[in-house]
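The same chain A turns up in both complexes below, where it pairs with chain B and then with chain C.
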Partner chain A sequence: MTLSDWTEQQARAALSGAGVPLRIGPFVARVGTRVRELQDALLRLYRRYPVDGPGGIVDWHVRIEAPNPWRRFVGPQVAAYVDGRRRFAPFPRDQAFAMFEWLLNWCTFSRPHQYLILHSAVVERDGRALVLCGRPGAGKSTLCAALALSGWRLFSDEVALIRPGTREIHAAPRPISLKEGSIDVLRQLAPDHPMGPKMAGTRKGTVAHLEAPADAIARAEEPAEARWIVFPRWKAGASTTLTPLGRARAFLEAADNAFNYSLLGEVGFTSLAEVVDASDAYVLEYSDLDDVLGRFDRLASQEAVAS
Partner chain B sequence: MVAETRFRVPRGLRLIWRDWADGTIVYHCQSGDTHRLHEVAARVVRAIEDAPRSLDEIATLVAEAAACSLNDETRAQTRELLRGLHARGLVEPTEGGGEAAHDPLGLD
Partner chain C sequence: MRPIGGLLVEAILDPRSLATLEESEWDRLLRAGHRAGILGRIAAEVAAAGLDGAVPSRARARLAAADAVARQHERILRWETVCVARALRGVVERFVLLKGGAYLHAGDPSARGRLSSDLDVLVPRASLEAVERALGDAGWEATKLNRYDQKYYRRWMHELPPLRHRDRRTLLDVHHTLLPETGRLHPDPASLLARAEDLPEPEGAAVLCTEDRVLHAATHLFHDGDLGGGLRELLDVDGLVRGRADDHAFWDRVLEHAAHHELERPLFYAVRACRRHLDTPVPEAALARLERGAPRSLTRRSMEALADRALFPDDDRRPGVPVRTARWALYARSHWLRMPLRLLIPHLARKAARRWSTGEGSTA
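And then the complex of A and B:
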């Protein structure tokens, strides 16, 4: 059963009450809010997500609520709660969906230490995972969104979840966060693909979220083996260059982008080493999205021919 | 008679190695630090991990790895290398392979 199988009335009642246990890849987040605009966005962008049954294990209880009724008419705000505890400073009410997504990011970055967690986007084709690794502003999400709309399956625009002792990467697909100019770029690329509200003035400027493709959500429980690790750098006017990177360098760069490498200790080291061993690593510099998509298609095709 | 200073990997330390074409990565299980070692440094630490070595033995290794002759310059480079490895907790000097030396590098 997915959220779209409920009537709107049922869904809003559940969100306003105990919350809806949404399955997002390997995680279950019980999501609740009485903020109507946030309910609208959830019903739009999370409609395809499975709703877990009663009595199941919930990883995170997340709520976004208006904390102060007195501010309803002047500078209305929303506050975020995880497992009953308030987190972060309040956001303007009209940024509630952005706050919700960043709250889920925080849960994913800081909690599930059964995985080695890299700050990266991941897409998959033919059972092979492409990891786009790098700091905010590197262009990962834009590239991830374009790939996800061009025949690659979305795993995540934020994290690579690596199962220790394997070369497997697990998917936790969510709406893809786009910023500023990327919003219009993706609008042109896929004008009919659902997108959430455009929110100006956030801490990351203007942001909007592209709905995760249906296929990504339906197949979220299918992991893939790591095959390529790419460190992208968008640079205005740059021609597309995909330069091989040595594995020792790639290892250190990836470790630097891991949320819990140090926490996991030896397990983190060996897990990342396994993934690096299995992968070809590259530095990507680009400015033309179409050109990059073509390069990655050729990379995947060469792999298909060779195997 | 002063026992010869020998260098060893600290007692109880476990190192995990990974070799790739562009370098060797080693994980220090006690500190949790990860180090990228160039070829010569990796050979030295691995040799010391096998068995404690004297400064002369290590300098010989360095000379072989760098394809140069064993001379004062090689010995000076070896001391510098060992200082760096010691600072990172990868090697320690001992008096004759027993207790850790009081002089941090035991090179005098």
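And then the complex of A and C:
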């Protein structure tokens, strides 16, 4: 059963009340808010997500509400609550959906230490995972969104969840966040694909979120094996170049990109080594999105030919 | 719906009971266990009982995550102990590990799955200056740099202001006695140090003898704060005595040390709470002698009522008025225990003024 199976009234009532337990890959987040615009965005961008049954195990209780009565009207703000505790500074009310997405990111980055967690986008094709590693601003979200809409299955635009001791990456697909110029780029690429509210003035400038493709959500419980690790770098005017990167270097860069590499200690080391050993690593320089998509298509079909 | 306290206690003391837990109970247990800081312990008990297969997969994942964190904290404690030993070589003959560091190196049950990576050590007061200097040279920096906080800790409390290592960002608390000098009870640090037991390694490291570890755990929970350590610290006390129910000589020593260190009262509260909530086995003779440390009936009953409310984490509902009142009362008590009124009132006024003017709080 997905959220779209409920009537709007039922869904809003649940969101305002005890919350709705949404399955996001391996996680269940009980989501609640009385903020109407946030309910609108959730009903739109999370409509395809499975709703967990009552009495199940919930990983995170997430609520976004006005912190006190007068903040509903004067300088409207919203505050975040995780597992009953208020967390972080408030956001302006018109950025409530950005706060929500940011909050779920925080939960995914900082808690599930049963995984080695990389700060990377991941997409999949034919059971093989492409990991896009890079600092914020390197363009990986844009690239991830383009790939997700061009025949690759979205795993996540923010995290690679690696099961320790394996090459397996697990999916936790969520709306893809786009900033400023990327919003227009993706609008051109996929003008009919549902997008969430466009919110200006956030810490990252203007942001909007692309709905996770239906296929990604439907198959969220299918993992894939790591195959390619790519460090993308958008550079104005650059032609598409995919330069192989040595494994040692790739390991160090990937470790640098991990949230809990140190926390996991030896397990972190051996897990990452397993994944890097099994993968081909590249540095990607590009400026033309279509060209890159073609390049990755060739990478994937080489793989198909070789196997 | 079973009370959350019961679920948590049973999870640790009888992990086989978890095999029959419903998912909705697991849901509450995982969240409350996280709040109480004992999820790592639950994970350890589940693993030790060979129950991984009987646990729902989502619960297994959560326990695995807590286990990963506990292992990291254990690594940190071990390494920090080595680093402190290196820094203090030649400066003090020995330094005594307290709390988590002690449980780990002494192999106490409370070390299992412990989620705490701050190191606490006890050194002779006479060496304090040299110790502070040596630690500073080795990279530990003072936190709480304002003059008032520094004075608060050094002159009145029983520890240096907390130190943070500049590279590793780990915290180190250096104590010279167990309770604030301005408080009403005065344990004897010389005796604690004299009876401490050296560890095989690292060189210079020691732990309090088991009897004194019991006293410190009891005192830290019931006399050095607002019972914030909660169930986790109560389990520390239980872990130290559970296997010794028939060891009358051991209990005689515990009581003797308690009398010597003026810690009969916190010991009384701790053992009573262990009996009430954890069914900790304690010899009758010891319980009878413990009554000597009992307060007046009204004090005793109030304290027990407060403790019963404050020892357990909240379930998902916002805590009701009784629990919030109990917490407030214990918070007030904790201040009263630390300093006489003539010092306490100006101290609290100052804290309030500072918080009001800068919007920042202080843990002092």
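Criterion: the second predicted complex is superposed on the first by the 307 of 307 C-alpha atoms of A that agree within 3 Å, B and C clash if a C-alpha of one lies under 4 Å from a C-alpha of the other, contacts with A are read in each partner's own complex, and residues count from 1 in each chain.
Rule of thumb we're sticking to: a residue touches a chain if its C-beta (ideal position, glycine included) is under 8 Å from a C-beta of that chain, and two chains touch if they have at least 3 such contacts.
No experiment lies behind these values; they were computed from the predicted model shown.
Looking at the superposition, the partner that touches the larger set of chain A residues, chain B or chain C, turns out to be C.
Legend: residue contacts after superposition of the two complexes on their common chain; A:273 is shown touching chain B, with no touch to chain C.
When both complexes are overlaid on chain A, the residue A:295 reaches neither chain B nor chain C.
Within the superposed three-chain model, A:83 lies in touch with chain C and out of touch with chain B [touch as defined at top].
When the two complexes are overlaid on their common chain A, residue A:265 makes contact with chain B and with chain C alike. With both structures placed on the common chain, the touch criterion links A:193 to neither chain B nor chain C.
In the superposition on chain A, contact of A:252 is made with chain B only, not with chain C.
In the superposed pair of complexes, A:44 makes contact with neither chain B nor chain C.
According to the touch criterion, the shared surface of chain A, contacted by chain B in one complex and chain C in the other, consists of residues 262, 265.
Contacts from chain A toward chain B in the complex involve residues 246-249, 251-252, 255, 262, 265-266, 269-270, 273, 276-277. Within the complex, the chain B residues that touch chain A are 16, 18, 20-25, 27, 29, 32, 34, 36. Only residues 26, 28, 55-59, 61, 83-84, 111-114, 260, 262-265, 267 of chain A touch chain C when the two sit together in their complex. Listing the residues of chain C that touch chain A in their complex gives 22-24, 26-27, 30-31, 34-35, 56, 58-59, 61-62, 64-66, 68-69, 71-72, 75, 314, 316, 318.
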